[in-house]
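First the structure, in the form of C-alpha coordinates, and then the observations on it.
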Amino acid sequence: MEAIGKKVWAIAEGYIPPFGTGPEPEFTSHEAACMLNTSDEDAHVEIILFFEDKEPIGPYHITIPARRTLHLRFNNLKDPAPVPRGTGYASVIVSNVPIVVQHTRLDSRQAANALISAIAYPAS
Amino acid sequence: MEAIGKKVWAIAEGYIPPFGTGPEPEFTSHEAACMLNTSDEDAHVEIILFFEDKEPIGPYHITIPARRTLHLRFNNLKDPAPVPRGTGYASVIVSNVPIVVQHTRLDSRQAANALISAIAYPAS
Amino acid sequence: MEAIGKKVWAIAEGYIPPFGTGPEPEFTSHEAACMLNTSDEDAHVEIILFFEDKEPIGPYHITIPARRTLHLRFNNLKDPAPVPRGTGYASVIVSNVPIVVQHTRLDSRQAANALISAIAYPAS
Amino acid sequence: MEAIGKKVWAIAEGYIPPFGTGPEPEFTSHEAACMLNTSDEDAHVEIILFFEDKEPIGPYHITIPARRTLHLRFNNLKDPAPVPRGTGYASVIVSNVPIVVQHTRLDSRQAANALISAIAYPAS
(Lines give C-alpha, C1' and ligand atoms only; values in the text may rest on other atoms or scores of the structure.)
Protein backbone atom coordinates (compact mmCIF):
# COMPACT_ATOMS: atom_id res chain seq x y z
CA MET A 1 0.00 0.00 0.00
CA GLU A 2 1.01 3.61 -0.50
CA ALA A 3 2.90 5.18 2.41
CA ILE A 4 0.42 7.51 4.16
CA GLY A 5 1.39 10.40 6.43
CA LYS A 6 4.43 12.45 7.26
CA LYS A 7 8.01 11.78 8.38
CA VAL A 8 8.18 14.29 11.23
CA TRP A 9 5.53 14.62 13.95
CA ALA A 10 5.34 16.50 17.22
CA ILE A 11 3.25 16.00 20.37
CA ALA A 12 3.35 19.09 22.58
CA GLU A 13 1.36 17.52 25.43
CA GLY A 14 2.99 14.85 27.55
CA TYR A 15 2.40 13.76 31.13
CA ILE A 16 2.40 10.29 32.62
CA PRO A 17 0.34 10.41 35.81
CA PRO A 18 2.51 9.24 38.69
CA PHE A 19 0.05 6.60 39.93
CA GLY A 20 -3.04 4.68 38.89
CA THR A 21 -5.79 2.34 40.00
CA GLY A 22 -7.30 -0.83 38.57
CA PRO A 23 -5.90 -4.02 37.07
CA GLU A 24 -2.58 -3.68 35.22
CA PRO A 25 -1.53 -3.28 32.49
CA GLU A 26 -4.89 -2.28 30.93
CA PHE A 27 -5.64 0.31 33.60
CA THR A 28 -2.12 1.54 34.27
CA SER A 29 -1.94 5.30 33.83
CA HIS A 30 -0.09 5.70 30.59
CA GLU A 31 0.59 7.75 27.50
CA ALA A 32 0.84 6.23 24.08
CA ALA A 33 1.97 7.30 20.64
CA CYS A 34 -0.20 5.32 18.26
CA MET A 35 1.75 5.02 15.04
CA LEU A 36 0.65 3.55 11.72
CA ASN A 37 3.04 2.45 8.98
CA THR A 38 1.02 1.61 5.89
CA SER A 39 4.10 1.26 3.68
CA ASP A 40 5.78 -1.92 2.51
CA GLU A 41 9.03 -0.98 4.28
CA ASP A 42 9.85 -1.13 7.96
CA ALA A 43 9.75 2.32 9.54
CA HIS A 44 12.81 3.20 11.59
CA VAL A 45 11.63 5.78 14.08
CA GLU A 46 13.53 8.09 16.39
CA ILE A 47 11.80 9.77 19.34
CA ILE A 48 13.24 12.77 21.15
CA LEU A 49 11.73 13.96 24.44
CA PHE A 50 11.66 17.63 25.47
CA PHE A 51 11.27 18.90 29.03
CA GLU A 52 10.47 22.11 30.85
CA ASP A 53 13.73 22.39 32.75
CA LYS A 54 16.42 20.26 31.15
CA GLU A 55 17.96 19.35 27.80
CA PRO A 56 16.17 16.93 25.45
CA ILE A 57 16.73 13.18 25.86
CA GLY A 58 17.05 10.77 22.97
CA PRO A 59 16.85 9.52 20.41
CA TYR A 60 14.91 6.43 21.38
CA HIS A 61 14.96 3.89 18.53
CA ILE A 62 11.77 2.08 17.53
CA THR A 63 10.86 -0.05 14.53
CA ILE A 64 7.35 -0.28 13.11
CA PRO A 65 7.27 -3.23 10.72
CA ALA A 66 5.82 -2.81 7.22
CA ARG A 67 1.99 -2.71 7.17
CA ARG A 68 1.74 -2.61 10.96
CA THR A 69 0.57 -0.26 13.69
CA LEU A 70 2.43 0.21 16.95
CA HIS A 71 0.71 1.60 20.02
CA LEU A 72 3.85 2.57 21.91
CA ARG A 73 3.51 3.36 25.58
CA PHE A 74 5.94 6.09 26.61
CA ASN A 75 5.94 4.27 29.97
CA ASN A 76 7.93 1.49 28.33
CA LEU A 77 10.77 3.61 26.93
CA LYS A 78 14.00 2.69 28.76
CA ASP A 79 17.02 3.56 26.64
CA PRO A 80 18.68 6.08 26.96
CA ALA A 81 16.49 6.82 30.03
CA PRO A 82 12.99 6.09 31.37
CA VAL A 83 10.34 8.81 31.07
CA PRO A 84 9.88 10.55 34.41
CA ARG A 85 6.39 10.25 35.94
CA GLY A 86 4.37 13.26 37.02
CA THR A 87 6.45 15.54 34.79
CA GLY A 88 5.44 17.61 31.78
CA TYR A 89 7.20 16.68 28.56
CA ALA A 90 6.76 16.82 24.78
CA SER A 91 8.01 14.65 21.94
CA VAL A 92 9.23 14.75 18.37
CA ILE A 93 8.91 11.62 16.26
CA VAL A 94 11.02 11.22 13.11
CA SER A 95 10.60 8.31 10.68
CA ASN A 96 12.41 7.32 7.50
CA VAL A 97 9.08 6.55 5.79
CA PRO A 98 5.76 8.41 6.14
CA ILE A 99 3.69 7.36 9.15
CA VAL A 100 0.59 8.64 10.99
CA VAL A 101 0.75 9.49 14.71
CA GLN A 102 -2.01 9.96 17.30
CA HIS A 103 -1.54 10.68 21.00
CA THR A 104 -3.55 9.08 23.81
CA ARG A 105 -3.45 9.17 27.60
CA LEU A 106 -5.25 7.00 30.12
CA ASP A 107 -5.35 8.72 33.48
CA SER A 108 -6.38 6.14 36.07
CA ARG A 109 -5.46 8.10 39.17
CA GLN A 110 -9.13 7.92 40.04
CA ALA A 111 -11.42 4.91 40.06
CA ALA A 112 -13.26 6.68 37.24
CA ASN A 113 -10.62 6.85 34.53
CA ALA A 114 -10.19 9.73 32.12
CA LEU A 115 -9.04 9.42 28.52
CA ILE A 116 -7.71 11.95 26.03
CA SER A 117 -6.66 11.63 22.44
CA ALA A 118 -5.48 14.09 19.81
CA ILE A 119 -3.91 13.91 16.41
CA ALA A 120 -0.20 14.71 16.61
CA TYR A 121 1.12 17.69 14.65
CA PRO A 122 2.25 16.61 11.15
CA ALA A 123 5.36 18.73 10.59
CA SER A 124 6.89 17.51 7.34
CA MET B 1 -23.49 20.98 -1.99
CA GLU B 2 -19.78 21.00 -2.73
CA ALA B 3 -17.92 17.85 -1.70
CA ILE B 4 -15.93 18.73 1.44
CA GLY B 5 -12.91 16.84 2.71
CA LYS B 6 -10.40 14.30 1.45
CA LYS B 7 -10.54 10.87 -0.18
CA VAL B 8 -7.97 9.11 2.03
CA TRP B 9 -7.99 9.26 5.83
CA ALA B 10 -6.08 7.39 8.53
CA ILE B 11 -6.81 6.74 12.21
CA ALA B 12 -3.70 5.54 14.04
CA GLU B 13 -5.49 4.86 17.33
CA GLY B 14 -7.87 1.95 17.58
CA TYR B 15 -8.96 -0.17 20.53
CA ILE B 16 -12.38 -1.59 21.33
CA PRO B 17 -12.50 -2.22 25.08
CA PRO B 18 -13.29 -5.89 25.67
CA PHE B 19 -16.21 -5.24 28.01
CA GLY B 20 -18.57 -2.52 29.15
CA THR B 21 -21.27 -1.56 31.60
CA GLY B 22 -24.65 0.14 31.31
CA PRO B 23 -27.63 -0.25 28.99
CA GLU B 24 -26.86 -1.37 25.44
CA PRO B 25 -26.37 -0.25 22.75
CA GLU B 26 -25.90 3.36 23.94
CA PHE B 27 -23.38 2.42 26.62
CA THR B 28 -21.64 -0.45 24.86
CA SER B 29 -17.90 0.17 24.73
CA HIS B 30 -17.30 1.04 21.12
CA GLU B 31 -15.23 2.89 18.55
CA ALA B 32 -16.76 4.84 15.73
CA ALA B 33 -15.60 6.45 12.54
CA CYS B 34 -17.93 9.40 12.07
CA MET B 35 -18.00 10.13 8.35
CA LEU B 36 -19.67 12.98 6.52
CA ASN B 37 -20.48 12.95 2.81
CA THR B 38 -21.65 16.44 1.81
CA SER B 39 -21.60 15.64 -1.89
CA ASP B 40 -24.53 14.82 -4.17
CA GLU B 41 -23.08 11.39 -4.94
CA ASP B 42 -23.05 8.28 -2.79
CA ALA B 43 -19.62 7.70 -1.27
CA HIS B 44 -18.27 4.19 -1.74
CA VAL B 45 -15.85 3.67 1.10
CA GLU B 46 -13.24 0.99 1.73
CA ILE B 47 -11.77 0.47 5.20
CA ILE B 48 -8.56 -1.46 5.83
CA LEU B 49 -7.55 -2.44 9.36
CA PHE B 50 -3.91 -2.65 10.47
CA PHE B 51 -2.64 -4.62 13.46
CA GLU B 52 0.46 -4.89 15.60
CA ASP B 53 1.23 -8.51 14.84
CA LYS B 54 -0.52 -9.64 11.69
CA GLU B 55 -1.25 -8.61 8.11
CA PRO B 56 -3.95 -6.00 7.39
CA ILE B 57 -7.56 -7.12 7.00
CA GLY B 58 -9.95 -5.69 4.45
CA PRO B 59 -11.28 -3.97 2.59
CA TYR B 60 -14.60 -3.58 4.34
CA HIS B 61 -17.16 -1.99 1.99
CA ILE B 62 -19.42 0.79 3.23
CA THR B 63 -21.73 3.23 1.46
CA ILE B 64 -22.48 6.71 2.74
CA PRO B 65 -25.45 8.04 0.79
CA ALA B 66 -25.31 11.51 -0.79
CA ARG B 67 -25.77 14.34 1.75
CA ARG B 68 -25.62 11.98 4.73
CA THR B 69 -23.42 11.26 7.71
CA LEU B 70 -22.62 7.77 8.91
CA HIS B 71 -21.44 7.10 12.44
CA LEU B 72 -19.99 3.67 11.82
CA ARG B 73 -19.20 1.51 14.82
CA PHE B 74 -16.12 -0.61 14.19
CA ASN B 75 -17.86 -3.10 16.50
CA ASN B 76 -20.36 -3.78 13.73
CA LEU B 77 -17.87 -4.65 10.98
CA LYS B 78 -18.29 -8.33 10.07
CA ASP B 79 -17.04 -8.99 6.57
CA PRO B 80 -14.30 -10.13 5.90
CA ALA B 81 -13.83 -10.51 9.71
CA PRO B 82 -15.03 -8.96 12.98
CA VAL B 83 -12.71 -6.51 14.75
CA PRO B 84 -11.00 -8.22 17.67
CA ARG B 85 -11.76 -6.74 21.11
CA GLY B 86 -9.06 -5.64 23.51
CA THR B 87 -6.55 -5.39 20.66
CA GLY B 88 -4.72 -2.38 19.29
CA TYR B 89 -5.42 -1.59 15.66
CA ALA B 90 -5.42 1.29 13.18
CA SER B 91 -7.44 2.04 10.05
CA VAL B 92 -7.24 3.57 6.61
CA ILE B 93 -10.42 4.86 5.01
CA VAL B 94 -10.59 5.42 1.24
CA SER B 95 -13.55 7.01 -0.51
CA ASN B 96 -14.34 7.72 -4.16
CA VAL B 97 -15.61 11.21 -3.24
CA PRO B 98 -14.25 13.61 -0.61
CA ILE B 99 -15.51 12.96 2.93
CA VAL B 100 -14.66 14.13 6.46
CA VAL B 101 -13.73 11.61 9.17
CA GLN B 102 -13.61 11.92 12.96
CA HIS B 103 -12.76 9.16 15.44
CA THR B 104 -14.58 8.54 18.72
CA ARG B 105 -14.40 5.92 21.45
CA LEU B 106 -16.76 5.27 24.35
CA ASP B 107 -15.01 3.29 27.03
CA SER B 108 -17.67 1.98 29.41
CA ARG B 109 -15.53 -0.54 31.25
CA GLN B 110 -16.21 1.53 34.34
CA ALA B 111 -19.52 2.83 35.63
CA ALA B 112 -18.09 6.27 34.93
CA ASN B 113 -17.59 6.19 31.18
CA ALA B 114 -14.74 7.85 29.36
CA LEU B 115 -14.94 9.39 25.90
CA ILE B 116 -12.30 10.42 23.39
CA SER B 117 -12.53 12.03 20.00
CA ALA B 118 -9.97 13.25 17.49
CA ILE B 119 -9.99 14.37 13.90
CA ALA B 120 -8.65 11.64 11.64
CA TYR B 121 -5.55 12.34 9.55
CA PRO B 122 -6.54 13.75 6.13
CA ALA B 123 -4.00 12.13 3.81
CA SER B 124 -5.05 13.05 0.27
CA MET C 1 -6.16 41.89 14.06
CA GLU C 2 -5.62 39.69 11.04
CA ALA C 3 -8.46 37.29 10.28
CA ILE C 4 -7.24 33.81 11.32
CA GLY C 5 -8.65 30.53 10.08
CA LYS C 6 -10.82 29.25 7.27
CA LYS C 7 -14.26 30.05 5.87
CA VAL C 8 -15.59 26.48 5.64
CA TRP C 9 -15.37 23.93 8.46
CA ALA C 10 -16.89 20.50 9.01
CA ILE C 11 -17.59 18.47 12.15
CA ALA C 12 -18.29 14.83 11.32
CA GLU C 13 -19.15 13.83 14.89
CA GLY C 14 -22.36 15.05 16.42
CA TYR C 15 -24.57 13.60 19.15
CA ILE C 16 -26.45 15.37 21.91
CA PRO C 17 -27.04 12.86 24.71
CA PRO C 18 -30.77 12.60 25.37
CA PHE C 19 -30.50 13.23 29.10
CA GLY C 20 -28.13 14.50 31.76
CA THR C 21 -27.52 14.93 35.46
CA GLY C 22 -26.34 17.79 37.65
CA PRO C 23 -27.20 21.49 37.90
CA GLU C 24 -28.28 23.18 34.66
CA PRO C 25 -27.13 24.76 32.45
CA GLU C 26 -23.46 24.05 33.31
CA PHE C 27 -23.98 20.29 33.54
CA THR C 28 -26.61 19.87 30.83
CA SER C 29 -25.45 17.31 28.28
CA HIS C 30 -24.57 19.42 25.28
CA GLU C 31 -22.50 19.87 22.17
CA ALA C 32 -20.84 23.10 21.27
CA ALA C 33 -19.13 24.62 18.26
CA CYS C 34 -16.56 26.98 19.73
CA MET C 35 -15.93 29.62 17.10
CA LEU C 36 -13.36 32.42 17.10
CA ASN C 37 -13.57 35.50 14.91
CA THR C 38 -10.31 37.45 15.25
CA SER C 39 -11.16 39.82 12.41
CA ASP C 40 -12.44 43.38 12.63
CA GLU C 41 -15.64 42.45 10.80
CA ASP C 42 -18.67 40.60 12.11
CA ALA C 43 -18.72 37.01 10.89
CA HIS C 44 -22.00 35.94 9.33
CA VAL C 45 -22.13 32.20 9.76
CA GLU C 46 -24.38 29.54 8.27
CA ILE C 47 -24.63 26.08 9.79
CA ILE C 48 -26.06 23.09 7.95
CA LEU C 49 -26.82 19.85 9.77
CA PHE C 50 -26.50 16.42 8.14
CA PHE C 51 -28.20 13.25 9.34
CA GLU C 52 -27.98 9.51 8.82
CA ASP C 53 -31.46 9.02 7.44
CA LYS C 54 -32.88 12.30 6.18
CA GLU C 55 -32.04 15.38 4.12
CA PRO C 56 -29.86 18.14 5.61
CA ILE C 57 -31.50 20.90 7.65
CA GLY C 58 -30.49 24.54 7.51
CA PRO C 59 -28.99 26.97 7.17
CA TYR C 60 -29.06 28.24 10.71
CA HIS C 61 -27.90 31.88 10.83
CA ILE C 62 -25.45 33.01 13.49
CA THR C 63 -23.39 36.17 13.93
CA ILE C 64 -20.04 36.27 15.67
CA PRO C 65 -19.17 39.90 16.34
CA ALA C 66 -15.77 41.28 15.37
CA ARG C 67 -12.98 40.22 17.79
CA ARG C 68 -15.26 37.86 19.68
CA THR C 69 -15.59 34.15 20.35
CA LEU C 70 -18.91 32.32 20.41
CA HIS C 71 -19.33 29.00 22.16
CA LEU C 72 -22.52 27.97 20.45
CA ARG C 73 -24.49 25.11 21.94
CA PHE C 74 -26.16 23.05 19.25
CA ASN C 75 -28.82 22.45 21.91
CA ASN C 76 -29.92 26.07 21.47
CA LEU C 77 -30.47 26.01 17.70
CA LYS C 78 -34.19 26.47 17.00
CA ASP C 79 -34.72 27.86 13.52
CA PRO C 80 -35.47 26.19 11.10
CA ALA C 81 -35.71 23.23 13.57
CA PRO C 82 -34.29 22.08 16.90
CA VAL C 83 -31.50 19.49 16.87
CA PRO C 84 -32.89 16.06 17.74
CA ARG C 85 -31.47 14.47 20.92
CA GLY C 86 -29.95 11.02 20.96
CA THR C 87 -29.39 11.13 17.20
CA GLY C 88 -26.16 11.09 15.21
CA TYR C 89 -25.56 14.15 13.07
CA ALA C 90 -22.75 16.17 11.49
CA SER C 91 -22.36 19.83 10.61
CA VAL C 92 -20.88 22.18 8.06
CA ILE C 93 -20.08 25.73 9.11
CA VAL C 94 -19.64 28.46 6.49
CA SER C 95 -18.52 32.00 7.32
CA ASN C 96 -18.00 35.13 5.22
CA VAL C 97 -14.71 35.85 7.04
CA PRO C 98 -12.08 33.36 8.26
CA ILE C 99 -12.85 31.81 11.66
CA VAL C 100 -11.52 28.94 13.80
CA VAL C 101 -13.83 26.13 14.97
CA GLN C 102 -13.42 23.53 17.71
CA HIS C 103 -15.98 20.90 18.72
CA THR C 104 -16.80 19.94 22.32
CA ARG C 105 -19.32 17.67 24.00
CA LEU C 106 -20.24 17.35 27.65
CA ASP C 107 -21.91 14.02 28.30
CA SER C 108 -23.54 14.19 31.73
CA ARG C 109 -25.69 11.10 31.45
CA GLN C 110 -23.69 9.74 34.34
CA ALA C 111 -22.84 11.45 37.64
CA ALA C 112 -19.25 11.29 36.44
CA ASN C 113 -19.33 13.44 33.32
CA ALA C 114 -17.30 12.78 30.20
CA LEU C 115 -15.87 15.45 27.93
CA ILE C 116 -14.53 15.35 24.38
CA SER C 117 -13.02 18.00 22.19
CA ALA C 118 -11.50 17.98 18.73
CA ILE C 119 -10.47 20.54 16.19
CA ALA C 120 -13.02 20.77 13.38
CA TYR C 121 -11.91 20.01 9.82
CA PRO C 122 -10.73 23.20 8.08
CA ALA C 123 -12.02 22.75 4.53
CA SER C 124 -11.29 26.00 2.71
CA MET D 1 17.32 20.91 16.01
CA GLU D 2 15.16 22.29 13.24
CA ALA D 3 12.35 24.60 14.37
CA ILE D 4 9.12 22.59 14.05
CA GLY D 5 5.65 24.06 13.80
CA LYS D 6 4.01 27.40 13.07
CA LYS D 7 4.27 30.94 14.41
CA VAL D 8 0.55 31.65 14.84
CA TRP D 9 -1.87 29.29 16.57
CA ALA D 10 -5.48 29.60 17.71
CA ILE D 11 -7.53 27.74 20.32
CA ALA D 12 -11.24 28.38 19.87
CA GLU D 13 -12.30 26.49 23.00
CA GLY D 14 -11.51 27.94 26.39
CA TYR D 15 -13.23 27.53 29.77
CA ILE D 16 -11.70 27.25 33.20
CA PRO D 17 -14.22 25.49 35.45
CA PRO D 18 -14.98 27.73 38.41
CA PHE D 19 -14.24 25.10 41.03
CA GLY D 20 -12.59 21.73 41.51
CA THR D 21 -12.02 18.82 43.87
CA GLY D 22 -8.99 16.83 44.94
CA PRO D 23 -5.44 17.71 45.98
CA GLU D 24 -3.98 20.86 44.44
CA PRO D 25 -2.29 21.73 42.19
CA GLU D 26 -2.45 18.40 40.30
CA PHE D 27 -6.23 18.18 40.52
CA THR D 28 -7.08 21.87 40.25
CA SER D 29 -9.51 22.44 37.38
CA HIS D 30 -7.34 24.07 34.75
CA GLU D 31 -6.67 24.71 31.11
CA ALA D 32 -3.24 24.51 29.61
CA ALA D 33 -1.55 25.48 26.37
CA CYS D 34 1.16 22.89 25.92
CA MET D 35 3.83 24.51 23.77
CA LEU D 36 6.96 22.98 22.29
CA ASN D 37 9.96 24.98 21.07
CA THR D 38 12.35 22.61 19.31
CA SER D 39 14.52 25.43 17.98
CA ASP D 40 17.87 26.64 19.30
CA GLU D 41 16.47 30.11 20.02
CA ASP D 42 14.22 31.20 22.86
CA ALA D 43 10.63 31.63 21.69
CA HIS D 44 9.06 34.94 22.66
CA VAL D 45 5.35 34.29 22.74
CA GLU D 46 2.38 36.64 22.94
CA ILE D 47 -1.06 35.37 23.92
CA ILE D 48 -4.26 37.30 23.27
CA LEU D 49 -7.55 36.24 24.87
CA PHE D 50 -10.91 36.69 23.16
CA PHE D 51 -14.29 36.75 24.92
CA GLU D 52 -17.96 36.50 24.07
CA ASP D 53 -18.96 39.91 25.35
CA LYS D 54 -15.95 42.17 25.65
CA GLU D 55 -12.83 43.31 23.82
CA PRO D 56 -9.73 41.06 23.69
CA ILE D 57 -7.21 41.19 26.53
CA GLY D 58 -3.47 41.01 26.03
CA PRO D 59 -0.88 40.42 25.00
CA TYR D 60 0.46 38.22 27.75
CA HIS D 61 4.23 37.73 27.37
CA ILE D 62 5.75 34.29 27.79
CA THR D 63 9.18 32.88 27.00
CA ILE D 64 9.79 29.26 26.04
CA PRO D 65 13.53 28.62 26.24
CA ALA D 66 15.35 26.96 23.36
CA ARG D 67 14.77 23.18 23.20
CA ARG D 68 12.13 23.26 25.91
CA THR D 69 8.42 22.61 26.31
CA LEU D 70 6.14 24.77 28.45
CA HIS D 71 2.82 23.50 29.74
CA LEU D 72 1.32 26.86 30.53
CA ARG D 73 -1.77 26.95 32.70
CA PHE D 74 -4.10 29.75 31.67
CA ASN D 75 -5.02 29.81 35.38
CA ASN D 76 -1.60 31.33 36.09
CA LEU D 77 -1.81 34.27 33.66
CA LYS D 78 -1.90 37.49 35.70
CA ASP D 79 -0.67 40.40 33.60
CA PRO D 80 -2.49 42.37 32.17
CA ALA D 81 -5.40 40.54 33.90
CA PRO D 82 -6.26 37.11 35.31
CA VAL D 83 -8.44 34.80 33.20
CA PRO D 84 -12.01 34.82 34.48
CA ARG D 85 -13.32 31.47 35.75
CA GLY D 86 -16.53 29.92 34.49
CA THR D 87 -16.40 32.06 31.34
CA GLY D 88 -16.02 31.04 27.70
CA TYR D 89 -12.94 32.41 25.98
CA ALA D 90 -10.57 31.68 23.09
CA SER D 91 -6.91 32.43 22.49
CA VAL D 92 -4.41 33.35 19.81
CA ILE D 93 -0.76 32.48 20.36
CA VAL D 94 1.95 34.25 18.34
CA SER D 95 5.62 33.29 18.51
CA ASN D 96 8.75 34.70 16.86
CA VAL D 97 9.98 31.17 16.06
CA PRO D 98 7.91 28.14 15.01
CA ILE D 99 6.35 26.21 17.89
CA VAL D 100 3.74 23.46 18.33
CA VAL D 101 0.65 24.02 20.50
CA GLN D 102 -1.82 21.56 22.04
CA HIS D 103 -4.76 22.42 24.29
CA THR D 104 -5.77 20.49 27.41
CA ARG D 105 -8.36 20.91 30.13
CA LEU D 106 -8.73 19.08 33.43
CA ASP D 107 -12.25 19.46 34.76
CA SER D 108 -12.25 18.36 38.38
CA ARG D 109 -15.63 19.74 39.37
CA GLN D 110 -16.61 16.16 40.05
CA ALA D 111 -14.75 13.55 42.05
CA ALA D 112 -14.42 11.71 38.75
CA ASN D 113 -12.36 14.12 36.69
CA ALA D 114 -12.77 14.68 32.97
CA LEU D 115 -9.96 15.48 30.55
CA ILE D 116 -9.96 16.89 27.03
CA SER D 117 -7.15 17.60 24.62
CA ALA D 118 -7.02 18.83 21.04
CA ILE D 119 -4.38 20.08 18.68
CA ALA D 120 -4.56 23.86 18.36
CA TYR D 121 -5.23 25.36 14.92
CA PRO D 122 -1.95 26.07 13.10
CA ALA D 123 -2.64 29.34 11.32
CA SER D 124 0.65 30.44 9.77
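When the chains are written out, they are named A, B, C and D in that same order, and each has its own residue count from 1.
Going forward, contacts are C-beta pairs under 8 Å (C-beta built on N, C-alpha and C of every residue); 3 or more make two chains touch, one makes a residue touch a chain.
Which protein is which chain? UniProt says A, B, C, D = Sensory rhodopsin transducer.
Because the structure is predicted, anything quoted here is derived from the model rather than measured.
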item	value
Fraction-based call for chain B against chain A, same above half, different below	different
Rotation angle (°) superposing Cα atoms of chain B on chain C, nearest 5	90
Far-end chain from chain B, centres as C-alpha averages	D
Mean-CA-position distance for chain D and chain A (Å)	21
Gap in Å, rounded to a whole number, between the CA centres of chain C and chain A	30
Residues of chain B whose C-beta touches two or more other chains	111-112, 114-119
Residues of chain B that touch chain A when the two form their complex	8, 10-15, 48, 50-53, 55-56, 86, 88-90, 92, 103, 105, 107, 110-112, 114-121, 123-124
Contacting residues of chain C [partner chain D, same complex]	1, 4-5, 26, 32, 34-36, 38, 67-71, 99-102, 104, 111-119, 122
